[in-house]
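Quick one: the structure is below, and I'll ask about it shortly.
Should a chain be cited, it is by its letter among A, B, C and D, assigned in written order, with residues numbered from 1 in that chain.
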Amino acid sequence: MIAGIIGATGYAGAELVRLLSGHPHIEGLALASVSFEGDRIERIYPNFLGTVKAVLVTPEEAIASARVVFAALPNGVGEPFAKTCVEKGVPFIDLSADFRFDDDEATYTAWYGKAYVYPELRKYSVYGLPELNRKQIKELAASKPVIIGNPGCYPTGASLGAYPALAKGIAGTGTIIVDSASGITGGGREPSRAFHYPECADSMTPYKIGGHRHTPEISRNFNVMYNTRAEAEKSDPGIPPMIFTPHLAPMNRGILSTIYIPLADAWRIKPVHSGAPRPPAQEITEKAQEIRDIYAEFYRNEPFVRVLPSDTIAATSRVRQSNFCDISVHLDQTGTTLILAAAIDNMVKGAAGQAVQNMNIIFGFEETAGLTAIPASF
Amino acid sequence: MIAGIIGATGYAGAELVRLLSGHPHIEGLALASVSFEGDRIERIYPNFLGTVKAVLVTPEEAIASARVVFAALPNGVGEPFAKTCVEKGVPFIDLSADFRFDDDEATYTAWYGKAYVYPELRKYSVYGLPELNRKQIKELAASKPVIIGNPGCYPTGASLGAYPALAKGIAGTGTIIVDSASGITGGGREPSRAFHYPECADSMTPYKIGGHRHTPEISRNFNVMYNTRAEAEKSDPGIPPMIFTPHLAPMNRGILSTIYIPLADAWRIKPVHSGAPRPPAQEITEKAQEIRDIYAEFYRNEPFVRVLPSDTIAATSRVRQSNFCDISVHLDQTGTTLILAAAIDNMVKGAAGQAVQNMNIIFGFEETAGLTAIPASF
Amino acid sequence: MIAGIIGATGYAGAELVRLLSGHPHIEGLALASVSFEGDRIERIYPNFLGTVKAVLVTPEEAIASARVVFAALPNGVGEPFAKTCVEKGVPFIDLSADFRFDDDEATYTAWYGKAYVYPELRKYSVYGLPELNRKQIKELAASKPVIIGNPGCYPTGASLGAYPALAKGIAGTGTIIVDSASGITGGGREPSRAFHYPECADSMTPYKIGGHRHTPEISRNFNVMYNTRAEAEKSDPGIPPMIFTPHLAPMNRGILSTIYIPLADAWRIKPVHSGAPRPPAQEITEKAQEIRDIYAEFYRNEPFVRVLPSDTIAATSRVRQSNFCDISVHLDQTGTTLILAAAIDNMVKGAAGQAVQNMNIIFGFEETAGLTAIPASF
Amino acid sequence: MIAGIIGATGYAGAELVRLLSGHPHIEGLALASVSFEGDRIERIYPNFLGTVKAVLVTPEEAIASARVVFAALPNGVGEPFAKTCVEKGVPFIDLSADFRFDDDEATYTAWYGKAYVYPELRKYSVYGLPELNRKQIKELAASKPVIIGNPGCYPTGASLGAYPALAKGIAGTGTIIVDSASGITGGGREPSRAFHYPECADSMTPYKIGGHRHTPEISRNFNVMYNTRAEAEKSDPGIPPMIFTPHLAPMNRGILSTIYIPLADAWRIKPVHSGAPRPPAQEITEKAQEIRDIYAEFYRNEPFVRVLPSDTIAATSRVRQSNFCDISVHLDQTGTTLILAAAIDNMVKGAAGQAVQNMNIIFGFEETAGLTAIPASF
């Protein structure tokens, strides 16, 4: 079948082109770009020379010929295309934030400064984090047209890292901290001072502290995950607050999220050592392994989540160009806080790869179709 | 005067050579190396060609000719040299962990696996974080021989970032999280798989989660700083627990520490917004500025600490090759947690530069002598 | 079928594991390692976790179960395995230099300091640069056991860049200069000072000037290519001398070779401008296009060589993780010298990918089987 | 005295600010910027926070208060300021190309597309490569107002690398090839696609092959240097042609130039080995040392040129942030071609540092004043 990509010349679009070109069920691509209409994608991205020969068309033309449409557009401009797809009965997989907040338009508006264009489209839309919403995605796609709100890059890693702790009663109600570092491709293709090579090479810096737009998405996911706990536990309504700090790291791809989750009382090691800190005791190591086992069991059937063994720590290099999310499970030395390290490729599991995964779910393909590339060793 | 450097061929040693070569009060260097005795430093580090002509001698020879001795040695091997210096009345500035824990040998032993060789030397030693201990350093140096326990790289950035919050009652008693990313020079000069270029290039990864040796040093500093609060406040004996996670970032130099400090009740913004997070309100911005002003005032006379204005965030590139610690002050969007970003050059303020600063204090030189280089823009 | 890899834990070995794991005709891998026998490859390279589950066996075991054997070993140690494979009738694809020099043992010995162990094996061996020797590889594989001397990384890019100029009479007899820059993975997996992150990050440096082991391989290839010219031209026996200079560039993968070939008289633009240089005239641009067209025609049927259009210059990023060799064709401003820029991924077309390509040729598979991944845009 | 910098907010300007702030004879800076007039330099470059407090003024104001003026402006816009300075008798050190070509306006126009605005200013101007023109600079500055045409970054490294070979009859008349790789700061501060982090990270690529604007400057320098040979040799009017190819390397600072100079007949090793190449013979090693000795002698009194010993190869990391030009001297394995590797920091010796060096010469300061910083080891 033909896949359409609107916004094919941005970074997420280019990554969709790459992944879909190797997808066993995609026979052709209809690539759309407002800026470069009439040009050829291989001229704009010479890495595609000789392999992807499509001429860029208008979004309307792409939608007309496609049986699935991906939109990799700025926030706030894709809804008309979503509407057309819904009317045509073509699945619309949206990589912007427009469909990530379901009915909570107020939150979307507060953070993105825009109103929904067609609010009624949300009855067709579902948040596309497969590990959380696979069932809903399938059901929606089976019964009516479907719009996928493909998750943000930071929320993907953070949410997968925290999910078992939240859902299995390991997390207490203390503030969760998500401290993430992203490669520069996260800033997109448009040149700017912040992403000018000499400005970000060889440097680490946080940005948008306390105010990054992915904050409400992560927070909402945490709440949903926390509320999937067994009824008995739900008597406690306390949803843990969340603080998120993104950083720019001097690399092209990858997000490493280090997540600090205060343990539920039942999981805390007592008595906590008083006085100067000591290296982790045997008890800490064992408790960490216990939680690691829960994580491994939780994600046992997930094709793209790897819970790492005790001697391996998540690193972005090991998931580069793959759809994997690697999670390593740790405890702090006092036994009060669970620490997760979650690594994804921001452009694959954090964007284009997850979008392809969603397409696979919608169409009943093998979920890993087109996403089987093994990450390279270096 | 002549400065001696024992362990001159390691990375911290080489940085001492660079800084001391340009120091206005140092007329010559006596460089010692067990591994390379008889060789010339400019052969081992060709960047020094034509500028530093010293032949490497034995530690004993270096001590014999020097009026101040720096030791950049592995942990646990420098005490005999410290003893000699004390006996000779020559200040000994130690860049290892051996003199960072004062009388608390138990903590040193627990984390470093060694006992003190000459425990009695601790009556001459002081922890060399000038912003915390300048007075003690001066007093000790005035009255008897002095040994400086030069701080670790991570503890330097973390401690300077947290100090005003701890000392001024801004910090509550909740767990403080220090999340740091270091350049690869922090791993030293010895080749290993972990620091092999293809293994760490283009990747982010945490390491030694819950168990890094700098944990007790940071924790001890936080306690000391917390206890400098006014008497009235000291009725609350609760010392905030601390969690520290180091990361490797794909760059040569620099440490960026992002520090999360739960606010004291008096500083928390109430009522905390319930429901989905919202972008930081005006109230948050104002409160952050209030704390920023306290920070600026606190460090007003410190020559090497720069509290950044509200529109600037700490970045390691801006302190590269300098002795500055840049601190930017932020609040999370819910107004419960102070977030500091502290950037240092791990090899300068985090090692050799701070050692030179300590020497300047001991000898009554201008504290910035030899450390006036302005960081480059790129 | 089962593919065996001897030396699976080195960088070239790991890249073979990655590529062969996705090969449509390879059903399993028999991985051998002397250093890590009994261990699992996914423990040594955690990027393989969950995807490559093989336990490392002895070389003998790997050969016993395999229908094709790849050897990614140091120079001088693989011949016994080659012999066994020949005796068993199993193709042996050798990534070392041992089989790159055919009967010219003297050159091999002069540069590698070793003698052939089983000189008679050379009657089964062929130099595996498919674009040059595809026919010979096929013929040899059809008639008897075959050993492939898989080309060196630098010789691959240099030879493909120069081939059309040499074979089509564009090159004169002046000295050819090959100036190449390689990513650090070219130095292999073993840690050393030269490849320690802080030593090579953020720096450019040449190495082994005038004496790199790939010199005779490049030179031999140039001679062979030059001698494929039409008979009439062969009256001139002058084979152009060649100078090769490798550089280390601060990146993980890729080789960029800039090749300077003095033009044959027939191609030189006359009269060469005297006096101060002027920007390239129209005549230069046209002549460059003429040669570019010859290059494009020459490589028209080659699946892995891309001759770039006039407005695109070869860059290593655009072939990363692919088996492509990108070549851009240029003239200097005086019209005397052809300048080629040739980019490959040193670990793919420069090592493991080319080895897989050779396997495909030997077995009559589609030559691109297992090598269809499109390079990413960043 | 006060130094004025026009164009202080570009990269070369910022580097001038850094160097002049530490200059022992500069008491203050008058910084001018058309784009940022009225703003403070420390707001634009936060690395300067607390150390450089100047408010940006107009060029006219800067000139009015300064005793020396540096211009770090785009090509073609600085002549009016030069004129004013000449009229005021204030030395004008110009970092653009406007004053690099002396009377040869035709060449300037051919490459830069502009005419001289005030051609008569060239009677005050001199090309400011001190190692070549120190005497002329001094003489001109002594007798009348002086304008310095500060050399381009590539021409500086290339010219210093080739100078002794050209001047001492080592170079023959064959084509010289200059193959250079530059850090990304060479592209300036303005964001663009080419210098967007994800586009140039982890990649090597040449650019402007056969047509870079520094070509005529390098070529002219080579001619001048060649013509400084002794009279006897000058009977041969043949000036070697030159080809220059710049590359972008994934690093911030530094230019590494690898220069290939065919030897004069008297220096060629005969008979050149025929047949397959062999590793460099003893004879080659000795001849290389002979030339290295000539180089060392040639530059014996130059404070910023380091001719490296035989076991050390030039690397950009070793001159980072310094005004050094490191040169290593090599021969190819056939003994026909001299190969130089020359490393500079493109922003220091290649721009701002050399400008300061020129100021020192003009004013009779120690030539190394303000430029004594020793390059760091990493």
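Couple of notes before you dig in:
In the analysis below, a residue touches a chain if its C-beta (ideal position, glycine included) is under 8 Å from a C-beta of that chain, and two chains touch if they have at least 3 such contacts.
Because the structure is a prediction, the values reported are computed rather than measured.
With centres computed as the average of Cα coordinates, no chain lies farther from subunit C than B.
Of the two interfaces, B-C and B-D, the higher number of touching C-beta pairs belongs to B-D.
Taken over every residue number at the interface, the positions common to subunit A and subunit B amount to over half, indicating a same-residue contact. The geometric centre of subunit B is 38 Å away from that of subunit D, both derived from CA atoms. Computed from the mean C-alpha positions, the centre of subunit B lies at a distance of 48 Å from the centre of subunit C.
Among all residues of subunit A, those that touch two or more other chains are 11, 185, 198, 201-202, 250-253, 315, 317-318, 378.
Here subunit C touches subunit A in the complex through residues 11, 14-15, 18, 21-22, 45-52, 185, 201-202, 252-253, 306, 308, 312, 315, 317-319, 321, 326, 347, 372-378, going by the rule given at the top.
Residue ranges of subunit D in contact with subunit C, taken from their complex: 104, 106-107, 110-111, 174-175, 177, 179, 181, 198-199, 201-207, 209-211, 215-216, 219-220, 241-243, 245, 247, 249-254, 256, 258, 260, 262, 272, 276-280, 284, 313-318, 320, 328, 330-334, 336-337, 339, 341, 343, 378.
Considering their complex, residues 11, 183-185, 187, 189, 191-193, 195-198, 200-202, 250-252 of subunit A touch subunit D.
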